[in-house]
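What follows is a pair of complexes built around chain A, which joins chain B in one and chain C in the other.
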Partner chain A sequence: MKKRHYSRGLFACVVALAASIQVYAVDMAAASGALADVSVSSSQASAALAAAASSGDVEAIAVARQRSADVESAVAEARDAHAAMEHAVAAGNEDAAAAAAEDLAAAQEKASNAVSGNVPEPTPQGAEQAAVDTEPGLPNIYDVPWQSDGLRSLYQGLFSATWSASAQGGAGFSERDATPE
Partner chain B sequence: MNRSSCIALMAVAGLGLGGVLNVAGAGTDQMVADANKSIAVATSAVEAARVAIENGKQLLATIPEDSPMLSEVAEMLPAVKDNWTLAVSALEGAKESASKISSASTPEIAQDYKLLATVNAGVALSGATVVQTGMLFVDAVAQNKSEALDIIRVAMQDSLAATSQVQFNYENVKTLIAAKYSK
Partner chain C sequence: MNKVKYFALVALMLGSATTFAGKDSSFHIQNAVRVGYDDNIYQSREGNQQESAFITDIINISGKMAFSSRSELTYFWQPEFRYRFDADPEFISFQDLYARLSHAVSQRTFLEVSDRFRYQEKDGQSDARAEENQNYFENDLMGALSFTLNALSQIRVGGGYEFRKWDDESYGAGFRNNDYDQYKADGSYIREIRPNTTHLMAGVNYVDHEYNGDRGGYDSTSLFGGVDHNFNPNMLGTARLGYSLSNVDGATGSQDADAPYLQAGLEYNPTDRTSVNGSLGYSLYLSENTIYNAQDRFNVGIGVKHDLTGKISISAALSYIFSAYDGAYAQAGAPGDAEEDFISLSLRGSYQINRNNFLDLGYEFTQRATDSVFLQEYNRNRFDFGWRLRL
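The block that comes next holds the complex of A and B.
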């Protein structure tokens, strides 16, 4: 009876192992597919640049150049992620493989967005700048008070006054007016 | 394990399998839709490439025989021709793979057909963009757009390199899928 349980357990282990090997195989095939997709974006970006050049529109050429550069950056990221995924799968490191797959998916999306000219959602840093640029009447919640221009000029004024009053500042105590008048 | 618990286990397993198969059915429709979307984009690009070739034929006739750019055009045209052939055959392959998604015996096989269809559509799309870029080069030579020529030349080289990568990865996908079923 006990032996039968062991053999069932062994069978279950073999099935699970076979399933995990298949999952890796599927993931690597899908990863190669994703890498192919990123290269398609690269080809499209080059074609768009050629079309812009043919039109002679300087602004369109600049935009196409920027998009092409963004796509090439995504291609490099995708290649790195794919290589990392290959290493992780070879080493049997499932977590690293999953992380690399996420990086690859992110690079794929970046390339796709770059080709279509989709602007990604602003990051916290971008939001900080956007708050400064677009909402001049509203307080900027990202502003750090002790780094603000007002306080900076106040400190500068205090320092100037102190410097002027010092022996090195040129204007000694004797040269200062006794009263503000 | 007694008989009643064995039957209960089989029932649970049967219910679970039924649920998986139902989900797989719904997933297959989505796979077909995804593959068809990629194929539609590739078909549109191949059609645009076909029009570009027709225009390019007329433009080629306008390039003077003593043009210094003619030799470069002649060197580029075989690459354009190869990519046109590749694009057309890859598009056919994509359609064939997509047609097998619904009739696949398991969700996993359906997923593999979808992957083949999508990547093949990508090969067709990148091949078609090479053709279009090549024809833009012919247009630039014929119309003496000297400023555009340098940019288009580089774009053509980049596009050819990208298409090679797409093909290489397609071969990888095929090899990995084939290896899975040959075990």
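The block that comes next holds the complex of A and C.
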């Protein structure tokens, strides 16, 4: 009887582990595939830009140039994420590897959207917010919402350092677990 | 449902909940207990300093909640409870509460509303002197709308209302009248010149600052142009240059105080372990003392964070403010012109014992120096050492 209880408990643990793995699964082969996909998107964007340039259509050139720039930005992000993932896997840091995998997937989607011209669903995590989300757990409480993204990013960083150093604050949530030794 | 299926269902729900929470929201809680020493707790002149050891508990709760793919709430709450061994009162508490709601109204329209509430002790440039109560509460409500005109251009408009009220009524009201209301409005046009690299902007900013009673205040309208430029993925520069058309209420009536307006900064992240941020500015700004209704203010701020190792991190912040008080800005009498230098330097080191526990060591130096007998000079040193739990 006891043995059956142990078996059920073990089964439940296995299921729980499997459910959790969806969050932390790290597959370097899949990551390399994703990086290759992003590179293909880059080639497609370059080809589209060349085609637009040869057509002489000023509006089409502007659109193709914007898409190409977005794809190149995604390529850079994907490479950074892939490198971070390799580093984290080598260091045995699952959390950092999983975070890098998410970044890579986001870059892959961004490249795909840029090539196809898809505009993603509006979201507060969009481009407008990216600049002020560099320290997700420590918002700048002096943030001025009508300022430009660049200025908000600057003051977010300044606030983070000032608050971390101050008698009131102390190093906080900006501490990076994933930073390698 | 038999037990095996029940266990499996609970396990799957736990796993799914972890996934949801990881993507759509975040929650952080931190508690810091510190003991320290402060050599000038009331920011008094040399010779009148009151020193004291203290023990303090600082709780911080912050995070994000996503209500939908379009709406998100960012929040920050930090209460502090401090006991000072040689002070009156011995026990004081402070609050910082902040929330920001972000909502994508449509593909082209983005709304942000934020509110910051503070209950704090007097700032570095304040001359509130009643030792038994030097606290104030302040609320700053702001909102902004961003309209995307096309792939390259957007317009941002916003406004806000801020007020401050001192616990000590003889300092907040009466003939000193340091309580205030401030109204703000801003509009700007932003255009991308080079994709993800350079943005140019032009705008107008309005501030109306009114102290309590018949003391007066100032109003200022600034016209500016600016640029944000990513020099490379690790370096961002930003600058605004303009001109402010201002009026300051003085003892002899309203005074013209037109002056250039400057705001600039540099953000540099040379490695994943290091960040450096610097800013400087020049503008008409509110006065934190009873004598003058405004100041011409030049400020420099530098913040540095660096991870020495995976377990040891350091943070440093330096702030310098040069304040010029024109005699015509005085609310009453003829105190003449005055100048003031204010410096604040903060250093903190942190050692990570394990995933959740840290040891912190901090030092803060502040100094206010002035050529006016009406403004209070002081030096202040604070040291603290403590344990921090982060969950």
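Simple rule for what comes next: the second predicted complex is superposed on the first by the 98 of 181 C-alpha atoms of A that agree within 3 Å, B and C clash if a C-alpha of one lies under 4 Å from a C-alpha of the other, contacts with A are read in each partner's own complex, and residues count from 1 in each chain.
The working rule: a residue touches a chain if its C-beta (ideal position, glycine included) is under 8 Å from a C-beta of that chain, and two chains touch if they have at least 3 such contacts.
Source: prediction; values computed, not measured.
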Original post:
Which holds for A:Glu86: it touches chain B only (first), chain C only (second), both, or neither?
Top reply: neither
Subject >> Of chain C and chain B, partner touching more chain A residues >> reply: C
**OP:** Report for A:Glu94: first if it touches chain B alone, second if chain C alone, otherwise both or neither.
**Re:** neither
Original post:
Which holds for A:Ser153: it touches chain B only (first), chain C only (second), both, or neither?
Top reply: second
Original post:
Touch check for A:Ala161: first (chain B), second (chain C), both, or neither?
Top reply: second
**OP:** Go through the superposed model and pick first if A:Asp103 touches only chain B, second if only chain C, both, or neither.
**Re:** neither
**OP:** Would you sort A:Ile61 into first (chain B), second (chain C), both or neither based on which partner it touches?
**Re:** first
Original post:
What is the contact status of A:Asp70 with respect to chain B (first) and chain C (second): first, second, both, or neither?
Top reply: second
Original post:
Touching A:Val40, do we find chain B (first), chain C (second), both, or neither?
Top reply: first
**OP:** Pick out the shared contact residues on chain A: the ones touching chain B in one complex and chain C in the other.
**Re:** 22
Original post:
What part of chain C is in contact with chain A in the complex they form?
Top reply: 3-4, 7-8, 10-12, 14-16, 18-19, 22, 26, 28, 30, 32, 34, 36, 58, 60, 62-64, 66, 69-72, 74-76, 78, 80, 94, 96, 98, 100, 102-104, 106-107, 110, 112-114, 116, 142-144, 146, 151, 156-158, 186-188, 190, 195-196, 199, 201, 226, 228-230, 233, 236, 238, 240, 263, 265-267, 272-273, 275, 277-279, 301, 303-305, 307, 309-311, 313, 315-317, 319, 346-348, 350, 352, 355, 358, 360, 362, 364, 382, 384, 386, 388, 390
Original post:
For chain A, which residues are in contact with chain B within the complex?
Top reply: 22, 25-26, 28-30, 32-33, 35-37, 39-40, 42-44, 46-47, 49-51, 53-54, 56, 61, 68, 75
Original post:
Which part of chain A faces chain C closely enough to touch in the complex?
Top reply: 8-9, 11-13, 15-16, 18-20, 22-23, 62-63, 65-66, 69-70, 73, 76, 119, 121-126, 128-129, 136-139, 141-146, 148-151, 153-155, 157-162, 164-168, 170-177, 179-181
Original post:
Can you list the residues on chain B that touch chain A in the complex?
Top reply: 108, 111-112, 115, 118-119, 122-123, 125-126, 129-130, 132-133, 136-137, 139-140, 145, 147-148, 151-152, 155-156, 158-159, 162-163, 165-166, 169-170, 172-173, 176-177, 179-180
